[in-house]
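One structure below.
Letters A, B, C, D, E and F mark the chains in the order given here, with residues in each chain numbered from 1 onward.
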Amino acid sequence: MRTLYPFHGGVHPADHKSESAQLGIAVAPLPQRLVVSLFQHRGSPAKPVVTIGEQVLKGQRIGAAEGMISSSVHAPSSGRITAIELHPAPHHSGLPDLSITLETDGEERWIERQPMDYCAIDPSGLRQHLQDMGVVGLGGAAFPSHVKLNANHLETLVINAAECEPYITCDDMLMRERAAEVVQGIMIAQHAMGARNVLIGIEDNKPLAIASMQAACQGTGMEVVVVPTLYPSGSTKQLIKLLTGKEVPSGGLPTQIGVQCFNVATAYSMHRVANHGEPVISRLVTLTGNVEEARNYEVLIGTPIGELVKLARPKADTTGYIMGGPMMGLPLTDLSVPVVKATNCIIATSKALFPPLPRAMPCIRCTRCAAACPADLQPQELFWFAKSKNFEKAQEYKLFDCIECGCCSYVCPSHIPLVQFYRFAKSEISAQEKDRKAADLARERHEFREFRQEREKLEKAARHAAKAAEAAARAAKTSEGGGDADVDAAAAAKKAAIQAAIERAKAKKAAVKPQNVDDLPPEAQAKIDEIDERRAQAKETAEQTVTAQNTDEGQSA
Amino acid sequence: MENYFLILIGTVFVNNIVLAKLLGLCPFMGVSKKLEAAIGMGMATAFVLTLASGASYLINQYLLGPDLIYLRTLSFIIVIASIVQFTEMFIHKTSPVLYQVLGIYLPLITTNCAVLGIPLLNVQENHNFIESLFFGFGGAVGFALVLITFAAMRERLEGADVPLPFKGSAIAMVTAGLMSIASMGFSGLVK
Amino acid sequence: MSMNSPLVAEQSTVSVIMLKVLGALVPAIAVYVYFFGPAILVSITLASVAALATEAAVLYLRRYPLRVYLLDGSALVTAWLLALSVPPMAPWWMVVVGTVFAILVAKHLYGGLGNNLFNPAMVGFAALMISFPAHMTQWPAPEMLAQTHWSFTQQMDFVFGGMLPADSKLDAVTMATPLDALKTQLHLDREMTDIQSGKIFSTLSGKGTEIIALLYLLGGLFLWQQRIISWHIPLSFLAAMFGTAGLFYLFDSSQYASPLFHIFAGGTMLGAFFIATDYVTSPTTLLGKLIFGAGIGVCAYIIRVFGGYPDGVAFAVLFLNSAVPLIDAYTQPRVFGHARKWFKGSKE
Amino acid sequence: MLGLAVVLGAVLGFASLKFKVEGNPLVDKVDAILPQIQCGQCGYPGCKPYAEAIGAGNAPINLCAPGGEATMLRLADLLGVEPQPLAAEHAADKPKQVAFIDEQTCIGCTLCFQACPVDAIVGAAKQMHTIIESECTGCELCLPPCPVDCITMERVDEGISGWKWKYPVYPISETVRDAKVNT
Amino acid sequence: MSVYTRHSTKLAMVLAAFALVGTTLLALTYSATRDNIAASEKKAKLALIAQILPSALYDNDIIRDAVEQPPVVELGTTEPTLVYRALKDGKPVAAVLEIIAPDGYAGKIKLLIAIKVNGEVSGVRVVVHKETPGLGDYIEIARSNWIKTFDGTSLDKNESKEWKVKKDGGQFDYMTGATITPRAVIKAVHKALVWFSPNREKIFPFPVQTQD
Amino acid sequence: MSDVNYKEIIWNGLWKNNAGIVTLLGLCPLLAVSTTVVNGVGLGLATVLVMAFSNGIVSLARNWIPREIRIPVYILIIAVLVTIIDLSMNAFVQPLYLVLGIFVPLIVVNCNVLGRAEAFASKNPVFPSIVDGFMVGMGLTLILAVLGGMREILGKGTLLSGINLAFGESAKAWVITVIPDYHGFLLAVLPPGAFIGLGLLIAGKNWLDQRKAARAEPLQTSQAATAAA
């Protein structure tokens, strides 16, 4: 037996797992329309690379990753693109998201699938490939996996098979039925990071999965570690602590302590990508709760949830649906939202399964929340400060170490929506931080402008002085020339001035250099360049008038 | 020795200058909104109060004597003002770090009536030089102690759902009152 | 109500917690009635009514939902604890004044449940102790020791009308409590063994009172078993008081009572399990709880033995209440993923 | 007594010359809190002057409209004074906005360019001017000088990535708010 | 002379000028009020003494006619006190002593007692005490007349064992719940009387004629 | 100067910037001596005298005092005044003087006195300065009287007890017994009563102000609405 290093706190909600683990995985039927969100992952959204009306093949890339922390999205089936528009998305904000709608043709024609020999290419090539194939974490956070693979000589690779949230069984079923392939996937991650040890953490309420994983791991050197059932042992930091005794430093990454963590389903999708050349276009989703037939389905990404839930035949007294688990999941207000890569479970709710919470009362500082907090926080203090918008203090009490697991809310006898307060405070602080950065920038720019104006004034003064000196010198010269030359000289001077003005105007026209570009950050410079480009187009039409005006000015000067 | 110990216990707990003697209330109310500031103020006051207590003893004993008692208030306040000034200059010169911590509170001390009250009480109670020092120091420690705990409470109170008219200084006053009730438990400790 | 995760929760509520606390007090109250007569029930009723009425008035003024808050039970806990600290022979208006002061000033000026800094019941008690010390020392003698027996109606006549039964003096039915007697007698330069041979003293502490203390202890253990209170505060409180008393006892057992006497006398047991453990006014960190409990134990002993009041639990609780925010600020535990530090301030 | 006064007078005089109050670090702290929009709505020609006025104790802390309540609260906190409600005309928290120049109408007069306190406008004389969105603080100072009114303010949409969680409202906090309105 | 010193001198002069004017003013006020203050003090003292010793009983300037008494254990004093001597026609009438009851509930209780030359208590008043307000403070005349129970008592009239509260078998009343305070006061008065009779001669160092 | 707004000076001193419940300066005497109306008013009047005179003198001398030493000079002036009051009270109302104890000399450090000298008298002519000092002092006295009254009634059930300290034994008859046969809520006359009492007064003022503001608000908007229409 491996020594476990229990983390503090945790809770034991009723697990409701057996309902959906009775039947094997089934494949969900192909829907008529698939809605693929371009923002299914953390980081920046993908950019559409198809046009409306275009025919696409199953597995064809329809959205390309933009930037480092981003991931591609693919057509889950063959068909025609009918819209690229804002579409409701499963997000707490309830705001719509840019999505690609695909009318399926039912032919399921694949693109050409090319398995790769991941041992043959270098890790960075592999990572690029994973990004192109849309591999993101399927454990919940949907963080692009290629970013997380960026490590070598890793001490321990932790595979997260804890599945600690109640109701959800998709990882369980995956391991029961496809253990060998999961192990194949783990090997890819192990290879990419040169991980010395692999620990697979599974909660002890999944004996069948444990058995099949143990069988699949025979001879691979990987170790299946059975951990006690305790929410949230599936959270990366807590699982790493549990298995290795190491704590991921606050604000840091697991790789700093030589550990990385992937979900089993993520590993499985790596296997599909590398060994079968299939991008991430489907995932396992548990349909459970207040339904006639709870079961896991292999579901295409983009399947509208409203259609999907019908498979499980929700009971008549169903009050709503939750995406994800009851502890961290998202109550759905709109059933037209599609399945995304992070969708691991849909729970139908009823009054009996989810009794309405008693009315919220003030915090009585009973510290049950603190006893339950797996991040060793003092949730009652965080709440106190978040409630009174004392964000500075909230940060002092380490608000940003909160993993939003909900254990505190779960045990709170006052039934305060604690996690909501933390989310509110966190997003408020982040916004303030952004504002502060903007203010700093503005201050810098303002100070620079004052400096520039001062400088320009000085330069102008210097120019004037020089001009005056020149004029004086010239006057001296002309006066030498004699009295009647005066008129001529004046005329000549005027001519010269006009000439000079024309010269100046010409010079200006030749190089329209924007002023005020010293000290610009590169992004701003890029922006200006873009503007210049636009301007160049506008120039042609404007040229004429501009020249005329310039000449006018030159003459009147 | 026991006598000095009793003076300390007495001034810190039993006859706390803020809660029982009702001295030094302006800084007690004014500099207790932030814990950090309260700690700075407490330390600065402790230093000045001890000095002032000793210095005014000497003044009273050797400069004024029994004949010039009518100059007592005048000379005490001037001496205190100068002590504050000099302390400020001194730590400004010698320890910029300390100045950072205490500097801004020093000028405020002149308006702390405990600084004058303690020397006057010294005279009233016929303390000798050492007793005066202890009395001043004990008073200052008592002041710092309640100031700091009070500041911590006020920070907590910021989040409390206090009825609107009581928000701010009103509830702070009530809190000081309840602290005062608590400190009355120590009455009789020093006979 | 906006729905957000987590969407499930344990079903316990504030009211249930408070009800359990009240329940844990019941056995002790029953024994109280057995030893000292039913007058205490009248006090408890008076206090409860006063507490609920005051609370209702404030809630009404603040336009808060009446029913929810009145049913949370916290005002009743305050009322019962206050009533148990006040002599049942005290005039009726005293219990009422104390309760109103507790609920109004110590609780609702701060915003009500969960917002107060000081233990309301103890504030009420202290206000009465300071204002009406004479009445606050009129403890009834245990039934078996009283010189005469007043009937329940005679007692009520006294409590509500201040009327003494004919040819009876208050002295006849009241008696110094063990702690009070100890103090008075030591004043008269008597020796400890001599004093403790007095008729109100018994093996642990006082006749009757020690049994009540025992039942408070049991009630406290019930709360601990129910995970309503943690062991930190009661244990550190009792240990600190036992330790301090032990030191003095070893030093001079003719002047200082035994540690066992101290933890079974006066308000120690009630204080350790029911009063010092009030969530709202005690620290939230484990280390903080230990410091808080120990602080109360030591302070209560010092006040008891060297101070002006026969018992120091209430004042010690209030004194340490004032230090709670400070204790909390300086005992914050290490947060997951942060370096371990020996001394942790409110600032990193 | 006289001697005492003479000595003290001398020393104080000396000291007051020797230790003249040096630059006020408070002003920098105040300035750091102000939003640096440089809009002048506070009645001072920019954030720094307002900071100086606050530092000198000559200005209330509730004048900065763009900063809104949050800025006022942080100032109150820094200065250890009671928070004050925002001066009435500043009370409304404006949504974030940036200026936008209609490139077809712009005649390149440079007037807006001269008005912008943070140099967020680029362009040369007689050329169309454009606003660098990331630099624009939305202060609206460029609006009045434009002779052809080609500058408009546009709201910046919050979008999913800029979306903020709202303050949780549930029965108790609701009633609390009602109560506050009523009292 | 540097700028600094020149400037400083000027400031010093101004300050000194103000100080001079101020101190002069104070000196003037002081001399104007000094007699009045002394008179007021005397009046206050006389008023206090008059409470325990009717002014008709003596004709000397009792405030002036005081002797210093070194600390006496029996009187509970730890510092020298004043003993005022009341004379009528040059003959001793009574002595007014400051005594201290050291064992009050909350500390020392300072008393003023007038003892007639015949050893009879003329009156007792509490000057300073720290007893519990509302409980032990009935010894103050402002709270109750309890302190007057000493009037007319003496060692002759009252046996030693009667100098106790009734609860302890003595003759003095007390209030329920506060017996420590009266015990202390009674003890102090008793001790003062015991001390007075052998020391009478020292206080009145001239022949004393008892009235009867 | 004719543009001195006396109304505003009076309003500020008595209510708007009341030293006792708004600016919270000079709290110690306020809390310590407000055990009865008589004590409170006694010290309040002493403070009024000091403030009026110190403001007057500072205003008179304001052009002769070099900036650098103005604070020491003000303190000097105040200390002299306070000592004069102190000696006079000792001479003429000694019983009251004894009750007030060190709080008479402590008027020196009452920030209100120095504060008004610095903030008002050093910038204004003599007469307005005197009025200002007087009014700020009266504001303080007002609070002292009210707080003293509250504490006295609650604590002792009387009003004007101790009036004989100021006016001699014959004044004893003026004492009003508000609640006869009263047990006395002792807490009220002890320090906790002072704190809590002042807290209640401050809250009372806040409540009045808030109510006024709440009433004014709808009025304003409705006015605006009519103006718009």
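By our rule, contacts are C-beta pairs under 8 Å (C-beta built on N, C-alpha and C of every residue); 3 or more make two chains touch, one makes a residue touch a chain.
Computed from a prediction, not measured in an experiment: that's the story for all the values here.
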Hey, which pair has more contacts between C-betas, A-C or C-E? A-C
Compute the centre of every chain as the mean of its C-alpha atoms, then state which one is farthest from the centre of chain D. E
Max Cα-centre separation from chain B goes to chain A
Rounded to the nearest Å, the gap between Cα centres of chain A and chain B is 56
Distance between the CA centroids of chain D and chain E (whole Å) is 69
State, to the nearest whole Å, the distance from the C-alpha centre of chain A to the C-alpha centre of chain D. 32
If you average the Cα atoms of chain B and of chain F to get two centres, how far apart are those centres in Å? 23
The positions of chain F in contact with two or more other chains are 66, 68-69, 72, 76, 79-80, 83, 87, 184, 186-187, 190, 192, 196, 199, 207, 210
Which residue numbers or ranges of chain B touch two or more of the other chains? 30, 70-71, 74, 78, 155-156, 161, 163-166, 168-169, 171, 174, 178, 181, 184, 187-188
Listing for chain D: what residues touch at least two other chains? 1, 4-5, 8-9, 11-13, 16-17, 77, 168, 170-171, 176, 183
Could you list, by residue number, the parts of chain A that touch chain C in their complex? 7-8, 13-14, 92, 166, 237, 241, 247-252, 320, 322, 324, 326-331, 349, 354-359, 361-367, 370, 374-378, 380-381, 396-398, 401, 406, 409-415, 417, 419-420
Report the residues of chain B in contact with chain A in the complex, numbered from low to high. 155-156, 158-159, 161
State the interface residues of chain C toward chain A in the complex, per the touch definition above. 1-14, 16-17, 68, 72, 74, 111-115, 230, 279-280, 282, 284-285, 328, 332-338, 346-348
Residues of chain F touching chain E in their complex? 64-66, 68-69, 72-73, 76-77, 79-80, 83-84, 87-88, 90-92, 94-95, 98, 184, 186, 190
Which residues, counting only chain D, touch chain A once they are in their complex? 31, 34-38, 46-47, 70, 73, 77, 103, 113, 117-128, 130, 132-135, 137, 158-160, 162-168, 170-172
